[in-house]
Amino acid sequence: MAIVFADTAWVLISSALVLFMLPGLALFYGGMVRRKNVLSSMMHSFVVMGIVAVLWVVVGYSLAFSHGNWFVGGLDHIFLQGIDYNSTTGTIPTYAFIAFQGMFAIITPALISGAVVGRIKFKSYIAFVIIWSLLVYAPVCHWVWGGGFLTGEALDFAGGTVVHITSGISALAILVFLGKRRGYGVDVIKPHNVTLTLLGAGLLWFGWFGFNAGSALAADKIAALAFMTTFVAPAAAGLTWMIVEWFGTGKPTALGFATGILAGLVAITPAAGFVTPMAAIAIGIVAGIVCYSAVMLKGKLGYDDSLDVFGVHGVGGTTGALLTGVFATVGATGLLSGNAHQLFLQFEGVVITMVYAVVCTLVIGFVLDKTLGLKVSVSEENIGLDQTQHGEKGYNF
Amino acid sequence: MKYVIAIIRPERLDSVTRELQKIEVNRLTVSPVSGYGAQKGYLEVYRAFEREVNLLEKIKLEIAVNDNFLAPTIEAIQKGAKTNEKGEIGDGKIFVLPIEDVIRISTGEVGSDAI
Amino acid sequence: MAIVFADTAWVLISSALVLFMLPGLALFYGGMVRRKNVLSSMMHSFVVMGIVAVLWVVVGYSLAFSHGNWFVGGLDHIFLQGIDYNSTTGTIPTYAFIAFQGMFAIITPALISGAVVGRIKFKSYIAFVIIWSLLVYAPVCHWVWGGGFLTGEALDFAGGTVVHITSGISALAILVFLGKRRGYGVDVIKPHNVTLTLLGAGLLWFGWFGFNAGSALAADKIAALAFMTTFVAPAAAGLTWMIVEWFGTGKPTALGFATGILAGLVAITPAAGFVTPMAAIAIGIVAGIVCYSAVMLKGKLGYDDSLDVFGVHGVGGTTGALLTGVFATVGATGLLSGNAHQLFLQFEGVVITMVYAVVCTLVIGFVLDKTLGLKVSVSEENIGLDQTQHGEKGYNF
Amino acid sequence: MAIVFADTAWVLISSALVLFMLPGLALFYGGMVRRKNVLSSMMHSFVVMGIVAVLWVVVGYSLAFSHGNWFVGGLDHIFLQGIDYNSTTGTIPTYAFIAFQGMFAIITPALISGAVVGRIKFKSYIAFVIIWSLLVYAPVCHWVWGGGFLTGEALDFAGGTVVHITSGISALAILVFLGKRRGYGVDVIKPHNVTLTLLGAGLLWFGWFGFNAGSALAADKIAALAFMTTFVAPAAAGLTWMIVEWFGTGKPTALGFATGILAGLVAITPAAGFVTPMAAIAIGIVAGIVCYSAVMLKGKLGYDDSLDVFGVHGVGGTTGALLTGVFATVGATGLLSGNAHQLFLQFEGVVITMVYAVVCTLVIGFVLDKTLGLKVSVSEENIGLDQTQHGEKGYNF
Amino acid sequence: MKYVIAIIRPERLDSVTRELQKIEVNRLTVSPVSGYGAQKGYLEVYRAFEREVNLLEKIKLEIAVNDNFLAPTIEAIQKGAKTNEKGEIGDGKIFVLPIEDVIRISTGEVGSDAI
Amino acid sequence: MKYVIAIIRPERLDSVTRELQKIEVNRLTVSPVSGYGAQKGYLEVYRAFEREVNLLEKIKLEIAVNDNFLAPTIEAIQKGAKTNEKGEIGDGKIFVLPIEDVIRISTGEVGSDAI
């Protein structure tokens, strides 16, 4: 089939934008940790670009998108067998589709890293990323987008469930084995460089336009709609977070605003091409309040989801997935358009994904903890992961 | 009057200042430093080069105290800076230097009143 | 009407590029202030992404672009009423047009912040941005691009008047109420991190391709022309600034070069799709000299336009607007093509805009100063805005 | 001829991406030098955007791409004579082509700067860039892409020879006159800020999608292929570098991973649109090993190619050029498809380019050293180039 | 010989060095520090956590002087460091410590000649 | 016990620590500072402003030593810190201050044992 050049250009640039979110994430997370862990934290995002890119073309893409069963794809396309530069998917070259989807496979495990900074062994992190990508990401991606049992049921425009719920809930599950950073809860572990975090938020938003609007897989009206919602939802969420924080603590922080933007981006992801801009603002406002509350609650519950992966991605992703079932009006209908069933389908998708991701992550965590060991020693944690895991320091004279 | 210089672990800063506040020592100066000592360092790698280094990140506290405050100040730092009950290598050191004079700039006060 | 996919792709990616200028601006400004004000300064850019994005879809877009009178648009499209994802504007979805124009509405007030860093109250800044956007930006945008009385008269390809002159002159006007930073003129208040500023300049240039070439609203020959002029004019301006500074002070600074690039970008903005690349180089050279002189003059006049918003955007925008009337040859004619009248029209546009923006800004400033108060206390200024306005610090151990 | 809008959009955004590599390079290099040289190092990349952009439209483009002889183009298009916004090249406006090619002309000399940081006089650097661009870049570009004697012989999809081999080998040649930094080989001169370097690597990869996939000059299947190979090759190279280093020294460094990514990007450049993704992975793996070895060897040989321009660009570019002759299957054939002759042509292209670039660089270096002087004084080197060449410091309180 | 340590406001660095140059004290060492003192701090917020902190940015000056230079040096610092005529809380402090020896590395000079 | 403060060039840090290790002084604290001294500075330019500044980047070493270690420590620093045989302006200075007490936090050792 002939490809549409404009769609190809759009998906290619969108793919580049999504990959660009990885340096963004590295900065976002890296700025929030202590100086002694900055490279370790950034490497958690960078190394995934290496690992999952290769893994994806070797086997991941096939598991997620080739013809298989209700649960997982087959092995028809391992090593990209049967695909060449002439192959097409929809109106674009299959290679463009594989690259675009590969970027999603990359960012998802990298998101989890925010929960485990400052104490996970680098080699165990690598093992975790590989196994989790195959065991959790590939199947869930197949369920929702690749022809699996949720395809055509739960609405997920750009990955609220596939990306954010899986990563958010897995971040929580892995903490069972990793526990807290030393001093957490007693000392305030403050971000060493908030300018990095702000810049990271900027890169993430920029890249997210590719993430969401690129998910239209065409430079069409739906892409424009998804772009628009990805523009206003995070804006509304950032403002909401800021206002709530201002009233709550007396100060509107830059970090809070940036986190709010992120919460809005997460929440609009599943809805991006299904809702109007005004609904997007509503979703952003709700996400701002709900995620803020989730993050505040952490302070009370005392688990150390260090950079609030669950509070932002898990909670924000769930919020977005459910609200998609409420507000959907474009190309699908939700509760407010009289289709209550969609909300149920959304709920079902969320629950199944959560349970599956938690169980798998617990198993992976257990096995890795017993074999490689997940957590560094006390003395390594004290000195910092940059020196102990990577033999280098972020900053020298 | 004494000038107390303490080198501690960055992660203990909060608990040290907490201990100090308990005894109402609430003036001090903090700076990030790198240290080299009994605590084992790690192999550092830079492209073609690799080397054993011991430079670890530390925090330096400087506290000018009147003589009667010296003992409690030292005690408070020790208490706050220890990683655990028995103490671990790398918990740091305290140096006590003599001060001859102190001047508070805003008021011009001098000596032990100015501390 | 059917949309053109290629144009849609181009306007969408251009919109993302323009939004990306905000983190760029945050870095550009943030690097130039003192450490204690870095987050405050960056937040001036970030928070505008939140505020104006929402404001734009709620009412701004309608005021600027809906059918109204010679002065301002109507309220037909508040809350984006009457527009859905099927609506088109020219060859692209209306949502794409709204998003693209929204980015311009965002960056304009953010530019002003460079004049007020280190001493403006955060809540007053927010109030200022909201009021100024409605009172100054929306009408001027309507005049020039939305069907108002300057539409089709003054040439302004991508916002020399609408964006740069309004912000540059308003930056100057607001200083009437804010005065100088403490120590200004006595101590040299040096940039705390020039690497941030350089990186910011890089992001700005990158984003500016979307700003200018995206303003063609199509992926056509005019877009390519505007791209080309946006490529060479800042290059010429940066070099010119560097050479003049080198002769003047004996040293070519990195900050000077970056500022020169910015001056060139500003000056080419109104001209981008109307002039040849060689004319763009001429415009760049003139902008480099004129803006450098304006910035030097500040040192003599003693007002504290902290990061030279007037010197670069006000003066550069004016230079560009007038030179558009001199060099225009593509799709319009200027002085050198025998159309002296165009230069008069440009001049008229500049003067009317300046007067209007100054008057409004003075009024807004006066009211805010009497109500919320514009300036922080001496002690807050000493401690820095990061801690006093936002309760955080840019850098921690 | 009518242009294709989608191709125009793609080439324009690709051009912006390539220009964005310059700030990326500035960060990549700037992070690796000492604090006292950070601005100097960043300016080496920034100032080239100014100089070569102007030089390119004045004369460079004409020398490279206008009709000339086997060795160099003519002067038909100096000052872009004979070209206006209606001119087309293939399916895009000529202005888009000129801009895109101009970006390549910019990044090439900037790459060289990594070898000379911390000791070259700024004015001599500028002179070097100008002369080298005209004497080396323009002719070699003409040979390979502009109708010169290698056009249609040596395969070079996006500049393995034109960009990376010329810059890599010239970096080595110029060291004849610049020698080592003081203390090199005795003290370990460590990167002052690895977070900048990582971010730089991120920007470079992002921009490289424009570099390679944009080189298709159309938003077509070849662009998608080139995108895909530019996605997986650096991933494989980064992983390979990391693994080799891990075994070699016991620690996988972030800097090593980033350097590996770069090596992979360089090596896939000539091959991007000619090989399959699986071949790209093979090329990445080989590049990771070969470039790592080259960089390690430097430690033994004792020359001070400060930031390993030769080890990464020279060696990586050569590896890529030769492997293109091995793996080419799309639109050309290589050794593995039975066309051994192509490998010979690749080899020929590499050798001729290397010899030419070395000889020219030695001559330029010799002349500049005798006239302006290339190296700063010992005391200037001690104090650092930021203060002595630019009168500023990267960081202030 | 004395070792003068002064903690001042960052924004006063320029005026302090200006005053010092007037009396020809033109050797000193500067570093950024954070301080904790009488000057009220501000609420600091980090996600779920908020806390009153007093750590404010300061500059530390270190100046080794011969005894006859001590008084003018202190005076010059005071003059330059004061926010205004009457002085404000947070203007900083000066500590005077004894020095036993000074060595200039390049020449090997020692004692008061080396200062 | 003495508190040795040395201001050296950043690029000499490695060679100084190498010399110190030879004499088994392997405890010290390092921090980045800026210095002002005999070494000529350079014109600094910031937009409309330009000024002669002498603030150059330096490294500060702090080493607490027992009295018998003082002389070799100073010698080792001098050896490592010199740019070349004859020494150059800007190579830095060493200040020796008295210490009254030292406490090692982890063990509670005091005095010369704790150094």
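Should a chain be cited, it is by its letter among A, B, C, D, E and F, assigned in written order, with residues numbered from 1 in that chain.
Everything below uses one rule, namely that contacts are C-beta pairs under 8 Å (C-beta built on N, C-alpha and C of every residue); 3 or more make two chains touch, one makes a residue touch a chain.
In UniProt terms the chains read A, C, D = Ammonium transporter; B, E, F = Putative nitrogen regulatory PII-like protein.
No experiment lies behind these values; they were computed from the predicted model shown.
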**Complete:** Sorted by label, the chains bordering both chain C (Ammonium transporter) and chain E are A, B, D, F
**Request:** Go through the assembly and pull out the chains touching chain A (Ammonium transporter) as well as chain C (Ammonium transporter).
**Result:** B, D, E, F
**Request:** Report which of D-E and D-F is connected by more C-beta pairs in contact.
**Result:** D-F
**Request:** Between chain B and chain D (Ammonium transporter), tell me the centre distance in angstrom, where each centre is the average of that chain's C-alpha atoms.
**Result:** 48
**Fill in**
In whole angstrom, the CA-centroid distance of chain A (Ammonium transporter) from chain D (Ammonium transporter) equals 33
**Request:** Would you pick out the residues of chain D (Ammonium transporter) that each touch at least 2 other chains?
**Result:** 4-6, 9, 13, 34-35, 188, 190-191, 193, 249-251, 253, 255, 390-393, 397
**Request:** Scan chain E for residues touching two or more other chains and write them down.
**Result:** 10, 13, 30-32, 43-46, 50, 55, 57, 83, 88, 90, 97-98
**Request:** Classify the chain contact graph as line, ring, star, complete or other.
**Result:** complete
**Request:** Using the touch rule from the top, collect the residues of chain A (Ammonium transporter) that touch chain B in their complex.
**Result:** 34-36, 182-183, 186-189, 378-379, 382-384, 387-388, 390-393
**Request:** Would you pull the chain F residues touching chain C (Ammonium transporter) in the complex into a rising list?
**Result:** 43-51
**Complete:** Within the complex, chain B is touched by chain D (Ammonium transporter) residues 188, 190-191, 245, 249-251, 253, 255-256, 259, 295-300, 308
**Fill in**
In the complex, the residues of chain C (Ammonium transporter) that touch chain D (Ammonium transporter) are 4-7, 9-10, 13, 17, 34-35, 190-195, 198-199, 201-203, 205-206, 209-210, 213, 218-225, 227-228, 231-232, 235-236, 238-239, 242, 249-255, 257-258, 260-261, 276-278, 281, 330
**Complete:** So, in the complex, the side of chain B touching chain C (Ammonium transporter) is made of residues 10, 13, 30, 32, 57, 59
